[in-house]
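Should a chain be cited, it is by its letter among A, B, C and D, assigned in written order, with residues numbered from 1 in that chain.
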Amino acid sequence: MCRWIAYRGETTALEHYVTEPAHSLISQSIHALESTASVNGDGFGLGWYGNHPEPGLYREVRPAWSDENLRYLCRHLQSHLFFGHVRAATGTPITRPNCHPFACGKWLFMHNGFVGNWNRLRRQVEALIPDELYPSRVGTTDSEAIFLAILGAGIAHPVTAAERILLKLTDFVNQTNPGDRLRFTSALSNGRDLYAFRYAVNDHANTLYYRESADGIVIVSEPLDNDHKSWIAVPENHVVVANAGERTRILPSLHRQQEAAE
Amino acid sequence: MCRWIAYRGETTALEHYVTEPAHSLISQSIHALESTASVNGDGFGLGWYGNHPEPGLYREVRPAWSDENLRYLCRHLQSHLFFGHVRAATGTPITRPNCHPFACGKWLFMHNGFVGNWNRLRRQVEALIPDELYPSRVGTTDSEAIFLAILGAGIAHPVTAAERILLKLTDFVNQTNPGDRLRFTSALSNGRDLYAFRYAVNDHANTLYYRESADGIVIVSEPLDNDHKSWIAVPENHVVVANAGERTRILPSLHRQQEAAE
Amino acid sequence: MCRWIAYRGETTALEHYVTEPAHSLISQSIHALESTASVNGDGFGLGWYGNHPEPGLYREVRPAWSDENLRYLCRHLQSHLFFGHVRAATGTPITRPNCHPFACGKWLFMHNGFVGNWNRLRRQVEALIPDELYPSRVGTTDSEAIFLAILGAGIAHPVTAAERILLKLTDFVNQTNPGDRLRFTSALSNGRDLYAFRYAVNDHANTLYYRESADGIVIVSEPLDNDHKSWIAVPENHVVVANAGERTRILPSLHRQQEAAE
Amino acid sequence: MCRWIAYRGETTALEHYVTEPAHSLISQSIHALESTASVNGDGFGLGWYGNHPEPGLYREVRPAWSDENLRYLCRHLQSHLFFGHVRAATGTPITRPNCHPFACGKWLFMHNGFVGNWNRLRRQVEALIPDELYPSRVGTTDSEAIFLAILGAGIAHPVTAAERILLKLTDFVNQTNPGDRLRFTSALSNGRDLYAFRYAVNDHANTLYYRESADGIVIVSEPLDNDHKSWIAVPENHVVVANAGERTRILPSLHRQQEAAE
């Protein structure tokens, strides 16, 4: 189980969201409150959009709470759309390529969750990655495989592409009886639009909250401060669509699959 | 605050003490029970004696709980006297030379505690290190400085040398009013004899336990399992002397200083 | 291109082969003489057999030449059969799971070479790994994939299993015209017997030497010292078979494939 | 021996100087041409000035040539004044705090050189650091100690402060007969003005070049490309003064000391 934060809005220094808040992502790395893993010390990462056509990445295998580089970067990097992630590994090695976010072309992705029985399902999930994207498979996580599968499933329509892959994953975990568990709470962006998913099969979904203001939207695994009424919980099996220049929408997603499974 | 374990006895694989017990040092790295810091994820280290005239060291800046190398080494390294340590840093950087144990010649040392107001006292403590040992100052911790000071204070009599330095540290922290705090719970060995200290000034001492059997003695920050009656708590301001070929003794140490301070 | 060393013989401290010789593996890490890459600073690894049923591993992403842990371990670890490897990466990330040697059950493997056009051939090579071994695919290198494929190809007869996979790789690289290059200079062991391969397709093979004495056999990428007449070059397309209790044999391997290709 | 680059001028992405040139700092990390150490793989660092009142730092113990984070950061970080450094250690450990550049308040410093017989002179040099700056001594290098000593020697006049400390270092190395060697080729900045020193005692000074254009000035250990006539060599015992809004000056520095020593 991991913790993450995604921001889209006015260009701002990352420190205002990643390191400064009372219950910042950094403090969640050593003591998360709403996660089954209170310690998220198995590496971390930042992804952000700037002037370069492709997003930037800073990923490290050490815990976020003691990384001096991270503090310097959060002071100096400014962005209108960025991701931050602290990892609690669920079986795959602690390497930089296994840290979130993942980048491919202009896309960023990060994830909190797991595909139950990854050893059984790994080859099936990897087979969803098209050949032309397989060279971008530089790590071994379930999360990166799902990201590349989504990119290959018609990314011009990101929500549809993600739902298409989630449907396949739902089938995969339900191949056995009782089915394996699937938890998918993730963020996806092209540098302009931001999408966040909260979905689960045979299990409860991991928490997801957002807060919107004139400055922008922040989507998080758990609130960054104690002002709980300012944070809105995203319901299970919903997707947050924060397109540039549009009002944020919270849409149901894959409800029928969920109902069919019940 | 850190957690550590020291063993002297029959030659054994390190895994039996470091990785296997229910509440092993590894499990203490992610969830300690008797420490002010429940997470000890700021690096770790092993020190052990074998056939080579000098002890071996394996130290890493990553958390112990996810280090594959550590698991392999604990399976394969066998020793009659070894140290293991997981670190919760108190201000100095997370670097290998700042991880415990420290080695110098045939001596090993590790520590759980701190010298209050290290910024004020650092130069005084470093001045206790003799010139000929100053090249061995490869890190920046208070712990390493104290170790080298003890080595230079007549190490032929280790308890006396340690007490001599602890007296000076006691004076240093009491230079201000109210005095700074000092906590010193440490282990010291020459590969033959094992010493463990539990001492504090202007504060409570960190916990220290030991368990003795026909096979040997284990000294720990907190018990390795739930069989609490098998673990004996070392009183504050006492030293454990486990000399090769002798019965283990628990001796009062520096009581008068403590009384004078009260 | 990497550099490696394999030893089978009397139990000895690793330092006598890894760190002490004039042109030791450590000195090859910063300045190799017979390699297309003079710097082999993209991580390193040790693998060794001891009392535990499975071999030990120590792998790190930092260069070997500056790793203090490696020097301590080479002093203290003793083994009758061990591998050492310094890496010059050919495209896959610098992570511990991508460092050699690789271990699976009682087997160790390390490699110097590459599969030309890995992006094109990766899925074909990974498909050679049987399902039951696919969970052991913890990295992303061509080398690890080949190792697991060999383990799945009838490892009771290691040379035959390796040749079976090398035949398939030969077919894969020859699917295009002109064919891709393949270089395979590797070592494989079960803790008792030691095998070393020198093979190439559409290219020259990487160098391989051995030296045998009453104490044992050392097989290396390049000689460890200037006493060049004591080192015997293994011819291209040959395999070294150093079975426990038998005379070392240097056998031709896959000659017909090579001839057919010419 | 290390390699470094310093830039002051129009705000630009770091990649144009650090990663892109034919003989960029990254390529110097694996194959420097004018250094006694051709491999500079003992860590690296970036320091840069931006909107935050204090400069940013990114330092890592791995070699620069394989660090993905470095490539992303050089694409995305833009600055009007930045430092880049690749390290070849001369005895002190490979840790982040021992990597250059060093930061203290608004000042950045990096160094290529050494203080001969550091073990003998270390305490004398560290004693030059004023008490109020000693908490900023987070590593163990000679370079960081000299930096903090300069900061404490009247940094309102940076050249005078540096010369004052260099005079003391000159005395220190000349305490023995024959004298120890001192090489000091370094850069210093407050975010506005840039200073670079080329000095040596009892030895040749390390190389130093600069190139100036309408866009700004680049000062380097060795040229970044083969257009050698565009690079001007700084003479030994000279200082480059590149103050904001002024013409760059190359001034003689400490000539009398040098003459006295000859």
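Following the convention adopted for this analysis, contacts are C-beta pairs under 8 Å (C-beta built on N, C-alpha and C of every residue); 3 or more make two chains touch, one makes a residue touch a chain.
These figures come from a predicted structure and were not determined experimentally.
> Which chain pair shares more contacting C-beta pairs: B-D, or C-D?
B-D
> Taking the mean of the C-alpha atoms as each chain's centre, how many Å separate chain C from chain D?
So the centroids are 41 Å from each other.
> Touching at least two other chains at once: which residues of chain A meet that condition?
Chain A, residues with two or more chain partners: 68, 93, 96.
> Can you tell me, using the touch rule above, whether these chains form a line, ring, star, complete graph or other shape?
Topology of the interface graph: complete, with all chain pairs in contact.
> In their shared complex, at which residues does chain C touch chain D?
Going through chain C, the ones touching chain D are 30-31, 39, 41-42, 61-63, 66, 68, 89, 93-94.
> Write out the stretch or stretches of chain D touching chain A in their complex.
Counting only chain D, the residues touching chain A are 13, 48, 50-52, 54, 56-60, 68-69, 72-73, 75-78, 96.
> Please output the residues of chain D touching chain B within their complex, sorted ascending.
92-93, 95-97, 119, 122-123, 131, 134-135, 137-140
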